[in-house]
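Below are two complexes that have chain A in common, paired first with chain B and then with chain C.
Right, the complex of A and B next:
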């Protein structure tokens, strides 16, 4: 008996490319859009790169967090609300503080949100209530809490932190390196971690086939809690990025709700199966930026920004259908 | 000579699922250096006992000892730590990860693992392949080699050989002989009595959730094992029970049916009242052929004729409407696992509903008649997934009795089913044929051909290479043809 593989390529390099074709595809799509965008506007330079990158940061962080949870077989509708919570706590506590205190508050927030969402994960596991129901409930709780902490937009943060996420102490202009590194490094680290370490692979295992993972002696409960904890910490990071970019805290419910939906959209576009266990986390970096870029592109094209959402929906449907079509063709060929 | 030490022992283990008692009281003792068979008819409690020993579910009552120590398993990981490694019927491998990643997760040393694969001639297996890309028989071996590489005291093998070829099974037995020389032991759950006679030192027989006998296979015959399992002597279906009525009209005919390289120019016809057997080694295109016949996939060339009309099946819906129905190899895919037996049986009727608010009045009686006709065990009727494998298979068959059909396609309907239910299914197939149905039966058990079929076709590399009269066909004549060889003159 030989290795009868249902894949078209046997060469290791070609097969790696084939398996990661979705990641390549979404990055190519992003670069294609960037090139197109650069031809649409009069000037395309460091300012535009910095602006696109920093504005994408919150969504990309949130999408990475969502992707981790989805890969592990869950889904978290409360990530946007956690972003709000982190955003308002940061804006309220960091205003007028020196850089050291601000850094300490940032780290504490990330840890606290990880714990908070780990508890949500534990609750889901223990109660057996579907992820979508539990996190829908917690999303209202966190949003309410955010309003309670900061009833109206306000607050602020230290210039050092604004520089870290935007490349400029004032949040406008500046170098594009800080935001570019802040967007690429976490994505790469998380993607490598998930594919190459035992805890990371356990997330994939739990999402791919929960029973098989359990029978193989893996701790599925711990995997779920870990995924939710990481998701929570990424949401906290997204909140910090928001306060750094805007310079204020904004407790409006709609901001969180649309952030949650966008994170799910980025995950779906990134080829991460909502059924769990499949997909490369690095692709959501590209799809997060893509979703953010749609708006300026459409404005540059002279399209009414009210129509942007329609086109965003068409894009998601279109990309997913291309994916579905390729799967269909692959299956028919075998 | 002192007896070797007890590696694994249960005392009065009991388990119930709601109102259904799966295990009443089971005492099992497995000693070092012993291959122990766990035998029992359908629903005797084998699967439940395996789940308890493997830590999948806790027992309600009773004591479990490993090497004399009382243990309580809460998760499969606990059982692995205690030195009990299980190879389940469905390989416990993560489909979306590569083999290497699966090993990494289980902390298995790759060099050891490669050695183990070498034993089965799989040393060239690509560890970078995704599990979902590998065929089932390879996965079962990978799962076994992984279990061995964990270096447990006791190996629990649940129907391991069912998906393996004869040579692979022989390699498994050689491995087990070597295994017991090291003072370790294995528990074998199998329906193949020949294997028990061949390899096992002890056999514990379960019936109705109790251990009713412990025998040494060396001292008894296969018939005695069967009697112990059933608690009564068995009436085998014989060739005599077939009707002597000549077959009627042709119900299903295929001409030059081709699906790429998998199925090539297959032509045959089945007539009313006839059971046509199909025999093939693993992976000769039989799965695809059944997919084509049942409308699940479309052929690249060739024709399908039903009742003298040429048909194009675009989906199983078209085939079912023409009276061509399938009992698939994997019964779970055919069932609605969380629905009741009644609901599952009534499924084919849903397409015929004419009223939006009431089921047809004859539905209940039709379903009830089928349950009785097939003697489906309805203790766990509320959810089909709780039934034993044999009872689930009866539900799959029963669904078409309710729905009505002309041609029945059966893909290995008795795989992993106990001997009594097997005979019930044989009898049912004969009866359906006598009532005018045409049946195409693929089976991996060659003995079934002589018991049930009228004619038999042999498939090799996607082609029909031989046709034999089932009454005269022997296991050796079929195996010779299945390997693509000419019969010796």
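Right, the complex of A and C next:
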């Protein structure tokens, strides 16, 4: 991530801290916000922790998926539509089924969406058409398909599935451990995988400089397809989390579109360069939760809800500028 | 080798952070037990006032919904029992609304008024709020949650009352147009059912055309223009897209036919001003002031007056023969899309459109 820059520390621990300063920064920002939020409301307890973590799940999953694709040098505008598709298929098929069948449907959905988006990745690689164009087109296809599968909100899922993502069979007021683990474990696994394995590092190489990676003998095509496949499976997981939280399927286009935009915002805030090849995937877990938390915080501060969105945008811009400034100073020092 | 140790340290660091998340959670959760029990205890004794009201809406930029929120604020001010109104207003579906409702619960509101995005999807969070002693009122659309108060406009009656007036005015025979809203939306389905109920009583009325305006003024205007210039019609029933339709008669210079619309300010004005030019019509109410009714019911529940669990507002009809009634509705200072039927006795206590359009909650 910052290997190209000089590191002003010689102690290995300090160096690690320095290299991961953005990840640390966004996590500290999140903890700061959490502590601040806890002072704004009368009670901050298990209910609030469970509420924040479970409500963040869909965005965090989507943001992890987007981050993988962005690191590999792409961008996927269809992730929100894939979330819709996964959400409505799950709601439609899982209603009234026993836990075993529901689990099988969930696994099948994750696999199917991985395959579906791997195909999109292949299409982009083969055709040479920019990622943004192809995925914009597929986003319309997937959301149209979602409306066709479930024309109006409905469907359901098993209580066990709701417990897995929300900590309670009814979707509210349960233990915060299941959602907390569901939010941290996938993010950690993906981040460690990307930094420690050959295929993971190939994503970074392909995203950083495609030609150089190709000349170095890396399979750039496979990296792209793999990134899109992982992105698709994370979008499927986000759809499953949505059905677990709400207990219904919602096929509306606007839901998918805003989810896509939020996922890009989380990726950008997470210090993952849109040019590819740079960034730690674990930071998007924090920024995804941060984006979800902004709304209740601004409301608790008494900010008029019509102005809350403007402030959200200003905050994103502000954080990005601080990040840009620190990178600039770092480069100058080196 | 060096690289590997660096990433291991990095991984450990992330793990520590993760534990921090958990660690941070544990100590804060301990003292919360007492206040939570407190909240449950407040359920029984009725309070005198000083309430905090939460409002959840998930359709922003829609005139009807904005007026609904303003009616809640105006009634909160007029009631004198409310200290603060917290409005959570953003576009979204059930996922966003669940998060918003949980945010309102966290803020310790006394009552929540919501316009629900889903009939069943919000039940768990609504029931959790009620279990904490929060009064929950669903307005405009129903929820099936146990213990929630529901206040809705009777959409079946909305269409039936207007259609019966139209068929009666036409003397029980003729060709009419049914200009509906959005196919598949519950309100449209209910209104169509009401229209069919009325139609069944008048066998000589023929529906010559049925359109979907999407509740969009320009779409409705275009459809109306096409219809009145190409076909022979005796009457028009609209699902609220009314004043643009009347304008088309003037544009095309075609004699007016009897028309049914909603209590939109522009339509009420036309009914008053174009009556001399031969316009015959009726405005049927579909008041966004239902938000204020929801607040009145919430306050009744909070002050221990045990209101009805379900309130169905029956629409009122004002036709061109009722000049006094129409003048009472007409709000010259407001926009054409303003819903004029703002005073709903016995629930509302503010004084008319001016209070509602001021849109001021206590302390604002």
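To be clear about the criterion, the second predicted complex is superposed on the first by the 329 of 334 C-alpha atoms of A that agree within 3 Å, B and C clash if a C-alpha of one lies under 4 Å from a C-alpha of the other, contacts with A are read in each partner's own complex, and residues count from 1 in each chain.
Here is the rule we go by: contacts are C-beta pairs under 8 Å (C-beta built on N, C-alpha and C of every residue); 3 or more make two chains touch, one makes a residue touch a chain.
A quick note: this is a predicted structure, and the numbers were derived from the prediction, not measured.
K.L.:
Give one word, clash or fit, describing how chain B and chain C relate on chain A after superposing.
P.N.:
After superposition on chain A, which the two structures share, chain B sits beside chain C with no clash.
K.L.:
Of the two partner chains, chain B (first) and chain C (second), which one does A:15 touch, if any: first, second, both, or neither?
P.N.:
both
K.L.:
On the A-aligned overlay, A:296 touches which partner chain: chain B = first, chain C = second, or both, or neither?
P.N.:
second
K.L.:
May I ask you to decide whether A:214 touches chain B, chain C, both, or neither, giving the answer as first, second, both or neither?
P.N.:
First partner only, chain B.
K.L.:
Just chain B (first), just chain C (second), both, or neither: which does A:308 touch?
P.N.:
In the superposed model, A:308 contacts chain C only, not chain B.
K.L.:
Give one of first, second, both or neither to describe whether A:242 is in contact with chain B, with chain C, with both, or with none.
P.N.:
In the superposition, A:242 touches chain C alone.
K.L.:
Spot which of chain B and chain C makes contact with more residues of chain A, would you?
P.N.:
Result: the larger residue contact count on chain A belongs to C.
K.L.:
Which of the two partners, first being chain B and second being chain C, lies in contact with A:277: first, second, both, or neither?
P.N.:
After superposition on chain A, A:277 lies in contact with chain B alone.
K.L.:
Touch test for A:27: chain B only (first), chain C only (second), both, or neither?
P.N.:
It touches chain C, and chain B stays clear.
K.L.:
Tell me which partner A:204 touches in the superposition: chain B (first), chain C (second), both or neither.
P.N.:
First partner only.
K.L.:
Check the superposed model and tell me the shortest C-alpha distance between chain B and chain C, rounded to whole Å.
P.N.:
Minimum C-alpha separation, chain B to chain C, in the superposed model is 5 Å.
K.L.:
Could you list which residues of chain A make contact with chain B in one structure and with chain C in the other?
P.N.:
Chain A residues touching both partners: 12, 15, 19, 195.
K.L.:
Quick one: in the complex, what on chain C touches chain A?
P.N.:
4-7, 9-11, 13-15, 17-18, 20-22, 24-25, 28-29, 31-33, 35-36, 39, 60, 86-95, 98-100, 102-103, 105-108, 117-118, 120-121, 124-125, 127-128, 131, 184
K.L.:
What part of chain B is in contact with chain A in the complex they form?
P.N.:
54, 56, 75-77, 80, 86, 88, 90-97, 101-102, 104-107, 121-122, 124-126, 128-130, 133-135, 137-138, 165, 168, 283
K.L.:
Under the definition above, what is the set of chain A residues touching chain B in their complex?
P.N.:
On the chain A side, the touching residues are 1-7, 12, 15, 19, 195, 198, 201-202, 204-205, 208-209, 211-219, 277-278.
K.L.:
Can you list the residues on chain A that touch chain C in the complex?
P.N.:
12-13, 15-17, 19-20, 23-24, 27, 31, 34, 38, 41-49, 51, 55, 58, 151-153, 168, 170-173, 176, 180, 184, 188, 191-192, 195-196, 242, 245-248, 250, 252, 254-255, 258, 282, 292, 295-296, 299-300, 302, 304-306, 308-309
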